[in-house]
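Two complexes are shown next, each including chain A; its partner changes from chain B in the first to chain C in the second.
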Partner chain A sequence: MENIDLSLINWSRGQFALTAIYHWFFVPLTLGLAFLLAIMETIYVKTGNPEWKRITKFWMTLFGINFAIGVATGIILEFEFGTNWSNYSWFVGDIFGAPLAIEGIMAFFLESTFIAVMFFGWNKVSKKFHLLSTWLVAFGANISALWILVANAWMQYPAGMHFNPDTGRNEMLNFWDVFLSPVAINKFLHTISSGYVLASVFVIGVSAWYLLKNRELVLAKKSIAVATVFGLIMSAFLILTGDGSAQQVAQKQPMKFAAMEGLYEGTNGQGLIVIGAPTPGKKYNDDQKSHLFKIEIPRMLSFLGYHDFNAFIPGIKDIIEGGYEFKNDNGEVVKALSFEEKSRRGKIAIAALANYNKIKATDNDSLKQAYLTELRENFQYFGYGYFNDPSQIIPNVPISFYSFRIMVGLGFLFLFIFIYSLYLLFKNKITGQKWFLRLAIISIPLAYLATQAGWIVAEMGRQPWVIQDIMPTMVAVSHVDVTAVLITFWLFAVTFTILAIAEIKIMTKQIKLGPKTDGGN
Partner chain B sequence: MFESYVFTQQYWWLIVSLLGAILVFLLFVQGGQMLIYSLGKNEIERTILVNSLGRKWEFTFTTLVTFGGAFFASFPLFYSTSFGGAYWVWMLILFAFVIQAVSYEFRSKPNNFLGAKTYEAFLFINGALGTILLGVAVATFFTGSEFSVDRMNITKIDGKELWTISQWKGAARGLEAALNLHNLLLGLAVFFLSRILALQYFMNNVYHEAISGRIKKHLIINAIPFLITFLSFFIWLLLRDGFALNPETQQVYLQPYKYLNNFLEMPLVAIIFLTGVVLVLFSLYKSIFSQCDKSIWFGGLGTIFTVLSIFLVAGYNNTSFYPSTYDLSSSLTIYNASSSPYTLKVMSYVSLLVPFVVLYIWYAWKSINNKKIDEDEVKTESHIY
Partner chain C sequence: MEFLNRFWKLYYDGFRNMGQLGRNLWIIITIKLAIMFLVFKLIFFPNHLKHNFNSDADRGNHVIENLTKPANN
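The block that comes next holds the complex of A and B.
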């Protein structure tokens, strides 16, 4: 431990967080806008109304600007697994590499091939082939999201693998268990629907600006109509999958769940805090109150976690001390182990792996078997062996707590926007409601904030694990000089910030210019 | 079909090699980005060139990303060792591609913050850094790097040693490779080759008299240093000691004329190599002396063949494809660096999608690229870079 440079781990994490946040700043719009384009173009092909072509092409221009910078920020993430998390790449590369390769083969080529047809093919291919291309771009973008989210879900809930003591790494046992893990499916659906909601909010917000300026009324109203219906349906999906996420986190990552709530000592029938403030600097074992103040919905947290108003939700202190009962993955009721016990078992597993490899070449088969048994029996706590202090396994509580509330709160605001917008469309009153149009514009940055908050809950909340219970973040890191990481951190921070400014400037200029008037080309 | 472990290991080395070979061919985009100002003497000419490349850049980019993903999935120990070790080389390559990705889309848009010239400079940096560093990185497959690998480092939790599996010993985190002359020769060969391919691509893709008139001169300027650097690299390769693997003991040792022997012992690979070289030379002849606008197809195919054979020589026939000069026993081979039999098998089935991918790429491109880009097109097209 003494040799592990904490600043190296922090800067490496910082660099990954920075690049991931920037990437996710652009991707959700790509995911959702791609489908909105496909829907708009479908209406154009079905009705033959050139106005719809003009609308499609306008949003397509914004899509292209946004897409380019999504690509730029994406490449770095793939390679960072190697450059900054080299132990991770070896330890789980056998499972984690596959989705990344499949993403390249199945999704990226689909996207990049048909995006060219989409942009340059208007006068070169048939209407139907062009429409098909637009749909394929949407599918390509979303398939790529599928594979990277499968990979991410696997880190949070490792399934379909076993540990191979001879190679000293985890290996895939069943591809379908990795691909179709319930966490993977839910994470995929929740994340893409958040992108669809963001894109809908974006389209409504930009269109609202035109309405306020009394410009492009037809384009704005038609775009709002498409985005409202799409956004409303996707909001329902978002809430449904959000509910699934809450249950999965509660049951598979209880520490994350407790941190999201700032819950130290849990009970049966635990309430959900609607508004509150976790006490800054609170330790898990001190006597400070958990929150400075809080307003709860009684029993709601238990319901969210288990769909049972009386379920027991363990707090941070409970998880560290163990002793409560819970259902494990096989459905058996078992007693939770304390941190100390998990750490002890983890150390046994690590030592057994080392000892087995020392004598592997000898013919002492019975001793080899003994070590292997020891390793197998304790492997599920492998990662805990690297920790000595229980406070190391607690994620950042205030960040998890606030991010969760920002995400959920804003999610409901967007739902309101879609419902009210639908109402105004039916009443044909949307142009008159200035306060609503202004709210729609303000909602654009809020939508970005909400999706970022979602990722922060998911990723900060799972610390210190890069692979839940198996590999701590600090063990995954590459041994690079901290100055080197510092330099690349700032290199990418400055570059991405400049590019993001350029993107926003270009985007707002294109919106101000508005769609081209000729419609045809 | 993919039941044998050794077969899938070799199969995946072939796939990675093929992706690497296609990537080098597609680096014509990078080559072209360096020639925008040499070939385009006014704004409209430069716009024609940028737009001609702009419809292809994503293929190079996507191939690079897929090359990385395929390497990760099939040989994770290489991913872990090389990327985590030769940190600066890979980071600079990545940086060069990050700034490329926005440049086409942003270059000609109003209010683009940095101005068209900056984005053109980004394209130039991507071209120069990307080609040279990728060449240097691939050359280390033959010249070796300084690192050690111990998978049991992960169990060292007593605080005395680091738990990093692959530890880099090179002084400049990979940049030392660029100071090795043999590596640099390949870097420069790739640099000049990308420019030659770009010129041949423009002959095929751009219809503009003034631009066409300038191409021949640049072909000659780039062909001479390309031939010198590539032949020097190659002859040196044949003469140098190589990193051989003893299949019985799995030990890596230095063997004189290892790579020459690999060509001799794998005649099919030698034939692929020679065919590739002949095609590249033929394309040079055709493009310089008879202005043939189809020469990119010979040049491209020749590049793919040549690079493919060089990759195969690095990994096949009991050779270490990522040797360690610091500790020979840490050297990586396609056997000790690969994924598990199960993962390779699953991935092999996924790879059967590739012909389908190639087919739709071909079809889509044929349908929108049936005529050369000219002044008219960049003036009337609605989506312009």
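The block that comes next holds the complex of A and C.
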């Protein structure tokens, strides 16, 4: 792999990151607003109050704008898999195939059928059937997210698969091991709940704008009430699933966990840094301090990682040198291998695959069996075989560190917004709190920043791996002309920027126009 | 039959009575999908392995060769 141009890898990564970030610009609002619509319509059906129908229809219009502009932006990622990440695509094909096929068949049709009823069906179908359609759109959208997140979780924690050395592909051994892996469950729940929080912040922010303009007071207050309660419950859920995700990362991706903290030398009862700055240019084996400054909560990182205030959290240097004890997937206490040892075993696995591939057409069964045994015994370290320098397996520490704090810090800001909003609603004082209404409006872009930061932690923090411990990014990339990647990078940048501008312009125009005066019957 | 008729009418009336915003959104969707599938997919995103190799066996061998290059160096 040494002959692959570094600029090809970097531009391919940049291209994928760009499209994924833009795709995720549209998705979380769809996930969350769909449920808020369903709740609002449920209140309409239960109370018969036409104001709730008007409110539902207004938010449904904004949902429609976001859905229409965002729909199919994820397809570009599929294109990139086939063109720019062909080694990876081939290698994982069978694992990704099943979840994505289910997505195509089940969620897409559920979503696209009932979305028509949702928009066109007012006064055409019964109230209850319309409401059912709205709920099914919400579930369909979230099920769509489920499958791609299961696939992503598998890349972070490749469970339930078997590598076939004859085809060069991974094959699924057990669907449920892939689907119900603890990483997949936490990732799905944490990601969708971040979408619910974003949508709640969006509804409160837009409603706050109406209150500041002294317009649509009833719609705004009722919308804030629904979004506040939903957002508050989902924030609690987000914290709970965030805790679950932290445990999974600590145990399955300890390097990512250490990078998120800028932790080089671990200890028992490790503190969690609340505010700090990692030392720029710090190497894992130099004598510089890990942080320029830091304020930490004692023992909290150990608790986050293992629900044990005294647990040992390995730092970057510990992970490279090995020798510390940890519990493996079978619950046995084992000693961590050093980078050097993992690299040695990885090289054995790669050599075994190369040798097996050379003789697989022959009838030398005993030699083939010997290579296969070597490959299987060392396959879990396969990816380490591509590295000679330990610093190559360290993700970007400052990006992981700051992204994590942006995500968590803003998450707590939104929690404050929901709690304070609830207080103001109870006291009937929300219209008078102009600073709070302004904060709610500013929080809309912050919610997008928080959710993007979450993805940056997840994806940058797991570098250099596309598949944890098995396939590094540099091996996954196709040997294509870097100029082609550069051209498509800029084409996407222009196309998606136009789409994002269209979304913001159409959305703000519609918000300024406000809801139609009559919700109809 | 009655159900299918109502289903068809739902779409037909929905599209016929669509407001300006809905029409604009459909224009955006159409242009976007055309750019994605007719420009990006056809011109810039051939499937690398399907385009360059004739059989799954060849594709598998190519990927295995890529995977095992360091061991051969």
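Just so it is clear, the second predicted complex is superposed on the first by the 517 of 521 C-alpha atoms of A that agree within 3 Å, B and C clash if a C-alpha of one lies under 4 Å from a C-alpha of the other, contacts with A are read in each partner's own complex, and residues count from 1 in each chain.
One rule holds in what follows: a contact is a pair of C-beta atoms (placed from the backbone, for glycine too) under 8 Å apart; a residue touches a chain by one contact, two chains touch by 3 or more.
Nothing here was measured: the structure is a model prediction, and the numbers come from that model.
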item: Which of chain B and chain C A:F129 touches, first, second, both or neither; value: first
item: First, second, both or neither for A:T431, with chain B first and chain C second; value: neither
item: Touching partner for A:T267 - first (chain B), second (chain C), both, neither; value: neither
item: Which of chain B and chain C A:F175 touches, first, second, both or neither; value: first
item: A:A72 touches, of chain B and chain C: first, second, both or neither?; value: both
item: Touched partner set for A:K505, first chain B, second chain C, both or neither; value: first
item: Residue contacts with chain A in the superposition, chain B compared against chain C; value: B
item: Overlapping contact positions on chain A, where the chain C interface meets the chain B interface; value: 1-3, 61, 64-65, 68-69, 71-72, 75-76, 79, 82-84, 86-87, 89-91, 116-117, 119-121, 124-125, 167-169, 347, 350-351, 353-354, 357, 385-386, 475, 478-480, 484, 488, 491, 495, 499, 502, 506, 510
item: In the complex, chain B residues that touch chain A; value: 55, 58-59, 61-62, 64-66, 68-70, 72-74, 76-77, 79-85, 87-88, 90-91, 94-95, 97-102, 104-106, 109-114, 151-152, 154-157, 159-168, 173, 339-340, 342-343, 346-347, 350-351, 353-354, 357, 360-361, 364-365, 367-368, 370, 380-383
item: Residue ranges of chain A touching chain B (in the complex, touch as defined); value: 1-4, 57, 61, 64-65, 67-69, 71-76, 78-79, 81-87, 89-91, 93-98, 100-106, 108-110, 112-117, 119-122, 124-125, 129, 133, 164, 167-169, 171-173, 175, 347, 350-351, 353-354, 357, 385-386, 475, 477-481, 484, 488, 491-492, 495, 498-499, 501-503, 505-506, 508-510, 513, 516, 521
item: Sites on chain C touched by chain A in the complex; value: 6, 9-11, 13-15, 21-22, 24-26, 28-29, 32-33, 35-36, 40-41, 44-50, 56, 59-61, 63-73
item: Complex contact set, residues of chain A against chain C; value: 1-3, 61, 64-65, 68-69, 71-72, 75-76, 79-80, 82-84, 86-87, 89-91, 116-117, 119-121, 124-125, 165-169, 347, 350-351, 353-354, 357, 385-386, 475, 478-480, 484, 487-488, 491, 495, 499, 502, 506, 510
